[in-house]
Each structure stands twice: as structure tokens, then as C-alpha cells.
Amino acid sequence: MRFLSDNTAAVSPEILEAIAAANHGLEVAYGDDPWTQRLDQVLGEFFGAEVRAFAVTTGTAANALALATLAPPYGAIYCHPEAHIAVDECGAPGFFSGGAQLERIAGEHAKLSAAALAAALDAHSVSVHSVQPAAVSISQATELGSAYRPHEVAALCEVAHERALHVHMDGARFANAVMHLGCHPGDVTWQAGVDVLSFGATKNGALAAEAVVFFHLGLVRDFELRRKRAGHLLSKSRFAAAQLLAYVESGMWRRNAVRANAMARSIGEAAGKRLLHPVEANEVFIDLGAAGKAALRAAGFEFYDWGAPASGAARMVVSWDQDERHAAALCAALTAI
Amino acid sequence: MRFLSDNTAAVSPEILEAIAAANHGLEVAYGDDPWTQRLDQVLGEFFGAEVRAFAVTTGTAANALALATLAPPYGAIYCHPEAHIAVDECGAPGFFSGGAQLERIAGEHAKLSAAALAAALDAHSVSVHSVQPAAVSISQATELGSAYRPHEVAALCEVAHERALHVHMDGARFANAVMHLGCHPGDVTWQAGVDVLSFGATKNGALAAEAVVFFHLGLVRDFELRRKRAGHLLSKSRFAAAQLLAYVESGMWRRNAVRANAMARSIGEAAGKRLLHPVEANEVFIDLGAAGKAALRAAGFEFYDWGAPASGAARMVVSWDQDERHAAALCAALTAI
Amino acid sequence: MRFLSDNTAAVSPEILEAIAAANHGLEVAYGDDPWTQRLDQVLGEFFGAEVRAFAVTTGTAANALALATLAPPYGAIYCHPEAHIAVDECGAPGFFSGGAQLERIAGEHAKLSAAALAAALDAHSVSVHSVQPAAVSISQATELGSAYRPHEVAALCEVAHERALHVHMDGARFANAVMHLGCHPGDVTWQAGVDVLSFGATKNGALAAEAVVFFHLGLVRDFELRRKRAGHLLSKSRFAAAQLLAYVESGMWRRNAVRANAMARSIGEAAGKRLLHPVEANEVFIDLGAAGKAALRAAGFEFYDWGAPASGAARMVVSWDQDERHAAALCAALTAI
Amino acid sequence: MRFLSDNTAAVSPEILEAIAAANHGLEVAYGDDPWTQRLDQVLGEFFGAEVRAFAVTTGTAANALALATLAPPYGAIYCHPEAHIAVDECGAPGFFSGGAQLERIAGEHAKLSAAALAAALDAHSVSVHSVQPAAVSISQATELGSAYRPHEVAALCEVAHERALHVHMDGARFANAVMHLGCHPGDVTWQAGVDVLSFGATKNGALAAEAVVFFHLGLVRDFELRRKRAGHLLSKSRFAAAQLLAYVESGMWRRNAVRANAMARSIGEAAGKRLLHPVEANEVFIDLGAAGKAALRAAGFEFYDWGAPASGAARMVVSWDQDERHAAALCAALTAI
């Protein structure tokens, strides 16, 4: 019974069908195909705004390419210490940007607050000697399973834009957050001021497809060249675009997220007082202690430790295709501890 | 009738079947899955050597990651002026390596010769002021559709290794070259001294899968970290590995290449004296002149101009799934010019 | 009465004399001159160890080149949040290394402790997804005017070396620290385990000369190439080497530091309870409050605010050529507040 | 009798006097000093245009920083195969720019022609797959001792600007070229369309000072940040600025160049038919053959071989402070061969 990561998930049937449907005949490569050419329109309708959208195959690529477009090599990128870009991408933002520096700002449940951002920017004495504040990156849902409310995103963006910083959102679990919030995808992105979104589909059922969605259209040409030279422009682009189109158009982005969120919420409830962070997506963080972890593992549950080695915390991630009996078993086991 | 590129091809059915076959249950992500874990063994048997093999999704990623592993930021990488890395990757080798410099060496049919390489290395005065010769990159088949014989590769590698340079082979069309040569895959790679191969599968029928194959095993850890931070470590790695396994194990690498090569050879024969380079893979370069191009285009053939705008040269690429009637029509049209 | 920075200082007469003495005849450029060729020996005797030493013109160059030699592009470099490399070098470590990431560790008086370093390394989960712990950088004296004791450096180096990290020391004010500690230059460097030192001379009286001193000799060739391609190999190298030789051989490194330290200590005593950090070099940090700052500025003293805008803290730096009457006046003014 | 390089020269007395004259009192660091603040005006008058000028200590830094400001990481920089940036800077342009690619264009006497540049640009098929043409870099005087006429520079700049490329001039020997041409410094720079000049002073008598002179003012802020993070912003900037001011205001730039040029011309005349390139600055290239070289070396002349090992070519460089008797002796020896 595997709760290791939503990256362990299989591919949703809608996606494989879309790939098969696109698989006929010779199509012009590198994006001049009918699937890719529909991306801007379909994602534009999805978000309710004019967008430019580009497919890549990994979240790290999406995030780092977006940030390299937003920040010069001498830029500072503000993020939470738990941000995926800071701890799980092997330094990709520094690589893609040519050296931009991450500035970490703490915050509860892995969320940045507008006040903390403003304070950090106030404390950063900007001169030719310092890195130049350039971008803020927030994760929706966060790495601790919480979700930013639209007004929280808006407040952050206001602080950022007042000082000429761009805002990037790492939406590896964007669908989960939006389904939890019950809002429109535009509400927590462009309506709140987000300039660029890494719109993840892979964890939620795609094979390998993430869209970098620009709400700020002026940055696009630089992005396209950076994507190519980073080896992230796919020759058979139609198959990446077809995944993203199916993700949105079939409604599976919603179905899969709702399903995973519901199981995660049950697990969170079963965790009771041991729950460490609000469950606002498909991840659950539980203070199990060494004994609790051992008991669950003995019972056949797989999951990762979280935080400092001695912390006793565990992370349970529910995949879109998680077996409901496994989730129920986990709830029962948690209640029994 | 589209002869633009083998990137326009669809996905071979063996590949889609392999993806579907891998699509069940929760598998550990990022390569700790049974498909990825068989890669080294299966590709090792394919090449007849101990190898370490890594999947990525594009040829540019494969080439640039391999070269960044072989060359320091102050390194020189020797290649042909027509090399894909020099003209079609938007500067990827410079990006991935942190600034390594391409040194171009001319040669007939886009091939480097051992003598020309030796002369270039002799002429390069090496000191703290110069870039440091680090790697040679050759393409098999070349960008002009020719193929290196095993003894040609061996002679190049000998020159390179004598002076402590590593050798990289861009094998975007490796299968086509090997089928033309009628040799064993090992004959033109490790047996001849190649250190790292970009083993392409995408053009020849995969969805998006290239293997970086290390015959020189000491370089591997650096590669793995570079791959991750470049966003080229796939979360659902099983599906990339499954493509590569099917590519080799089903024999489709051979079938698809043989089929495309045969059509290309016919087209080359039909081109007669207009043929610009020997047809040793699936590409045909023809001196059509402006009138010839116009005539073919009017007849419904799609292809790219090649070389200088006024050169009159055209490139025809045969895909693995090219319609044989289209190839026959092209032969007829060429004969008629 | 200027206490802005020791970078405002003039050049010590010993330095100008050494430059003039080197200024005759045609000497081979780029370091094959008699002055540069004495550097290793003279600095080796100074430190009591075999060293390789290289002149550059700025502290930023010294630090960033040293760190790029110690850390791969996917490396993590641990430092204090106040470290010059983190706040005053416009992202130079990221640039020179090709993207290495700074990991900040808090500590009193801008000092890292061995325990805090060990805890940070323990908490850093190392895998292909993370940056790879590679180097620790400490400043001697620190940016808050404190000095590491030899046993403190040794404890840090022990933690670092146990986990295969290299240790770099930013010694922009090395002479001031050593004079305060009363120890031998070797005691706080190689004897304690430091691998590479940025040995500053500019602030303490040189025109533009810092030595990168390697106690770990295996890293040197990489450094030499990085220095050249960063534009930090001087054509007329003799004049940089002559400065460093004079700095050490004339004893001015000691005289100038002793003089500045003494004035700084007096100012620190005059600050009384307002003193924020122990005065262990030539910098004094004082909690003046807005009114205190205004009063001192009205009285003709120039200095920089420090820390957050509203903090009330001020930094006074004593240069090697500070007018003693100005220092006395500052002491009197502080006593009077 | 040393004709190895003008980098072997000593420092001109005007420069040391200027350094000494600037050496009093505490001056604000990093360029907020009266010397640095006069640079724009004094160099503006020198060139007859509004300029922004920045001091650095090496030609490699000047060139690479200028080019990084002109070319994005995915840019192409066009230059001659003999260009210092291509062969003598250890890959600095690639490093500073984050990977920009050098495209070499052959031309007689190390000069690019407008026609060859236009042809190269025509042949470069620009798309998302290619590096993006961004800048042209020419050397004045060239690495083979020739000088571009104003109309040649203008023709090159016209081709470049028509296609939105910037033009950089490597003026390591700018004074020598201008004195040979008998033109105004503005004639071969901004009047002809040059955007940025590396204005060298070191070879011609400074200690370590080159000015990056921007005639295109919009690029300046990016340059300032790149200079800082590359470690090329000097803390005691006054001493670099003082050198550049003295270089121009004392007239030594002219005197020293005239003197060296005259000796070089005599040597070129003595070389007779063995002369390989016109002597239009202070360098002389002679086809001595192995025997000729050996004879001259036996007679006490020091110089470097040039070109391929077996070429028989030698380079003689005359420094500003060359002993005239040595030059006369070399002339006599050449006549005698």
C-alpha cells in the first residue's frame, strides 16, 4: 500500500487515448502541429484570459525555465525554504538562470505571506553589490499540502509588483489546490496577479506533460529560446500537447484531483491530533513518531519520512489512481494507533 | 507528400504497446522502477559491453548533457560545422557545459577525419589562455546522411584519446547508420573507442526517448546530477525506459531503419547526378535548382531547402512510417526532372 | 571624519614603493616574472606550509574563484546569512560556479558554529534531487567584526571534512583577525583545516591585491583556468605580486592591522552598552538609534546604517590610515551621547 | 632583446605619478570618488561623444563583459578566427554570457569584411533551433597588426545594425591603430557605428586599466551588475580611473603608441619580402623559417612562433618602452638574413 508520491501514479486512460488519437500520419515537428497550435486557445479558455502556453516534460523544467525568463543572472528569487525549487531540483534555478540566487522566507505550512515578503524586501539593501530582487515563486498547493487563498496570492503579487518583481507559481499540484479551494483557475493565477504558472499535469494523470502558462505575454520569446537550448522543445510535440488538451478538455484534471483530495482528507481526519498541516490538496503530514511509523510500515504501508531525521513526521501522498481500499486501510490503521 | 523530417513521424505501434503495458499500478518514481532498472542490462547486451544508460526525451538534451559531462566549462569541443550541436541546438552545449567552446573542423559529407582532427589539435596552442581540448563529437549518421565506417571512428578515437580527449557520438540516426553499414552496434561505438553515445529512438519510432549510453563508466555520477538539474529526470521514468526497451527488444529499431533506408536509397538513385552526398541512412540531399524545387513542390512534395539560400539544394528525409507510394512518386518525379 | 569602510583607505607607502621598484624593463607577462614566481615561497613561509598562491585584484574574485574550484555547479555552499559572498557580491558564487546554491546558517556575531553546521548537514537530505553539499565558507574576521578562534575553525573543518566538504575562508580582513587573536597565520588556516584562503591585502593597505592561497594543492589547475577565463589573470602580473610580497615581507600587514584594531577597540569601549558585537578586528557595530545617528552625523561623522532600516544600528570601520584625531573625536562623541 | 609582447612593458611614468597623486585621504569606494566620476566626461571629450565608461583591469574582462551585455546566452557572436576572444581568453565570452556561441568568419590580415559578415549572416538560418545572431566583435588593431579604416568599420556596422546586431570593438591596441590611421578616435568608433569599445591602456603603458566605453547608453545598467558579480568592480576604484585619466589627459596614449609604431614599421621594412602582414600598429609578423628563427634567437632576440608549428612565422611586438637600440639591432639582423 504505497503512499510515497503522486509521481508513482500510472497514466490516466484519457491521456493514453489522446496520445493514440494523435498518432497518425506525418505532422510538422517542434510545435507546428494542430495539437500544439490549439494549446493557447484551450488553456486561455481554461484560465479565462489570453495566455501563451508551452509544453515541457517535467516540473523542474517548467519551474526553472519560467524563473530564468523572469530573473536575470544577478537576480534574487524569493521562495519558501520548503519550496521544490529550493530543495528538490538540484539547483536548477541557478543553472537555468545563470546564477540567480534563492532567498528563503519562512512561513507557516510552507506558505509565504505578503507581510513576510515585504519585510524581506525591505531588509534587502539593493545596490550594485547585491543580487537584484527579480521574482517570487510560490507553490500551489504547497509542499506541505496547504493551498493559498486567492486573496493571499493577490496580496503577495501586490507586494511583488509594487517593487517590480514578477510572480511565478509552481502548480505541480494546481488541480488539487483549485479543487480544494472551489475557485476558478483564474482566481488564484492571473486574477490575483501571477505572471507565469507551471501548470502540472503529470502527477495528476498525464504521462509527462507540464504547461508553462504565461499571463504576462512579453516574456515569451526569451522563454522559447531558453526552452530549445535546454533540450525541452520536443520534436514530436503533438504528443505533449495532446496530453495537455486531454487533461483540460476531458475534465480529468478535475475528476482525478477530486478523487485524490477526498482520500487525503479522510486520512487527515483519521490522523486527528497528529495531523501537522491542514489537508488542502492530496498530501497528508502526520506526526507518527518512530513507533507509529514502524507500526504502519509493518502493516504494509509505504511512505517517506519528512523533515529532520528524528522528527517523527511522515508524508502520505494520495495518487489520482490510489486504491480506495488502501486509503481506507490507512485511515483504520491511523485511528488504531 | 511530406519529406520534411523524420521528426514528423508518428509513434511505432510497439512503443505505444510498451507504454500501455507499463501502465498499471503505483511504481516508485525517478527511475527506481523495474523498467528503468533493466536498461543497463538490455542496452549492455545490445552493444555487447558493460554500459550505463539513461533516458532523456530529446536529442538536444542527450547531446548537451553528455558533452557537459565530458568537457569542463573552459573546454573545447571539436565538431563538424554541420553538426547538429553546432547549428540546431540553440547553443545547448555552451549552456549545459557552462561555456565550453565549439571548434569546427570541415570535412566532406559532414564527416570529421582523423587527419583533420589531428591537424586541428596540432594547430591549437594549448596554454592557460586557450580553451582546453576536451571532447570530440561526431554524428552517426551525419547531418548529411553519410555514415562513419568502424575504422573511421576508430581512427578518430585514437587521435582523440592519445591527447586525452573524450569522444561523443550523436546517434540521433544511429539505427539507420548501423543498418546501412551492416555492422554490430558495438563496432562503431565502444569497440572503436566511443566514450558516450546519444542513442536516438525518437526519430525512428519512439514517442520521446533517447538513451545516453556511457561506455566510460566513471563519468556517470556527474551526469546523473546534471540530468536532474536540467529537468531531464522524468518522474514517471518507467514510460521512457519502456520505450527504449521496446525499441531494442522488439527489433523495431532494425525494422524501421531498414524500411526508411531502403526508400531513401531509391530516392537517391532516382536523383542520379543531382545527388549531393552518398545515401547511407534515411536522408537524401539533391541539387534541384530553383526550378526543380518549384516543380516538385507544385507536384505536392514537401521538403526543406538546404544550405545557402541560393544553393538550389534540397533535403528529403524518409520517416520510418513514410508511405511507400509517396516515395515511389518522388522517385518518379525526380527521374522526370 | 569618515568611518564608512576600510575600502576608502589610501595605499600604504610600502606598496607604492614596491610597485615602483618592480617598474623597470620588459618582463614576461601573465605570471612568468620573478615577483610572481616568489609568491608561493614567500606566502608558504608566512603560513608555515606548502602553498600555491595566486593574485587577483578583488575580494569578490578571490572568493568566487575559490568557491567555483571547490563546488560543482550542482553544489551547495554553506555560509552565514551575513557573509559577504551572500549579500555583497551580486551573486558572484552562483555565476563563477555555474549555479551552486548558497545555504545560509545563522549564528551569533556572524559566526558559524560547528554544531550548527553539523545540524544543517544532517537536515539536508542528499539525493539526486538535492544540491550536493560541497563547501563551507567562513569569514575571518566576520562581517560583524568578530574573529574565529583556532579551535572554532578546527571544529568547523572537522565537521566539513568528515562529510567530504571543502572549507574556504574569506580573509578580506585576515590580518585584523590574526592580530586580534595573537596567533600565527597558520593557526587559523591550514593547521585548523582550511583548504583555501582569500587572503586580503587591499583593505589593509594594498592598491588592488588579494591572494587566493591553496593549502589543498590538488585543486590548482582548475583554478588557474577559471581565473584566466574570468579575466582575472593580469598581464602585468608582476605589479600584483609585488604588492603581495611587500605586504608580507615589509611587515606592513601587521602594522596596519594593529593600528586600525587599536582605534576600533577604543571606539568599541566608548560605545559602552550600545556595542552590538565584540570588537575583534577593525569594525564596530553600535546601536545608536535614530537620534544618536543624527547627532553623530551632525557632528561630521560619516558611517553606514546597518541591518533593517529601523534598527538604529550603525557600522564604523577604521581604516589602516585613519586619522587618530578622528577616532578620538568619535570616542568622545560616543561617550557624550 | 625581448619582442615577446607589449604585455612585457613596464608602467609609463605618467601613470605612476597619477596613482601617487590620487593617494591621499579616505575616498568613497567602488567608484563614488572624484576620479571615477570624471571618466565619462574625459572619455566623452576624447571620443567626441556622450559615453559611459567603466574601468576594469584586464582586456579579457573588458571584452567578455561587453559581449555579455550585447549577447543573450543563446546569442551568436561573430568574429575572426584569430580574434583574441576566440583564441586567447580561455572561453571567457562563453562564460560571461552564459553560453553564447562564437561564429568565426575568415578574412585577410585578421580583418572581417562587411561582405563576409553579410554572407555569414545570410547563411545562418535563424529559428528557435539556432543561436540568435547578436553581436559582431572586431579588433582594432587586429591580432595580426593590421588596422581597420573608418569606412571598413562603418560598412561592417551597417551590415550588423541592419540586422539588429550590436558591434563591439576590442581595442587592446586602439591607440596604435588610431596613430597609424591618423584619424580621430571617434572616426573608427561611434562615428562608424561601434556600440561598445574595449579601450585598452595596459599594453600601451598603464599598470592595469582598460575602459569599457559605451556609445550605446541603454546597455549600461546590465553591464554594471555583470561587472560587480564578475569581481571586476574595484574597491579602490580611484586608482584605476586615475590611470585612465592620465592615459588620455597627459597625451601619453599618443606618445607611447607613436614611438612603438615607428619601431615596428622599421622592423617591418627590414623584413622586406618576408613580411606577412602590413604593419599598421606595433606588431610585425615575419616568415623567418626555422633557420631564420634559430639565427635570431642565437643572436639574443626573444619572440614567439606564430601559427602552425611548422609555419616558420614569427611575431615581433614592440612595447611602448622598447629600447631603440634593440629595435635597430633587430632591423640589422633581419636585413642580414
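When the chains are written out, they are named A, B, C and D in that same order, and each has its own residue count from 1.
The rule we apply is simple: a residue touches a chain if its C-beta (ideal position, glycine included) is under 8 Å from a C-beta of that chain, and two chains touch if they have at least 3 such contacts.
If you're wondering where the values come from, they're calculated on a predicted model, not measured in any experiment.
When the interfaces A-B and B-C are ranked by C-beta pairs in contact, the top one is A-B. In this entry, A-C is the pair from A-D, A-C or C-D that repeats the interface of B-D, since more than half of their contact pairs coincide by residue number.
The distance from the centre of chain B to the centre of chain C, each centre being the mean of the chain's C-alpha atoms, comes to 50 Å.
Look at where the CA atoms of chain A average out and do the same for chain B: the two points lie 33 Å apart. Residues of chain A found to touch two or more other chains are 30, 73-74, 89-91, 95, 98-99, 128-129, 132, 225, 228-229, 233.
Across the complex, chain B meets chain A through its residues 2, 4-5, 7-11, 16, 19-20, 23-30, 56-62, 64-65, 89-92, 95, 202-203, 207-208, 225, 228-236, 239-240, 319, 321-322. Against chain A, in their complex, chain C makes its touches with residues 73-76, 86-91, 94-95, 97-102, 104, 122-123, 125, 128-132, 307-309.
Chain A makes touch with chain D in their complex at residues 30, 72-74, 98-99, 128-129, 132, 222, 224-226, 228-229, 233.
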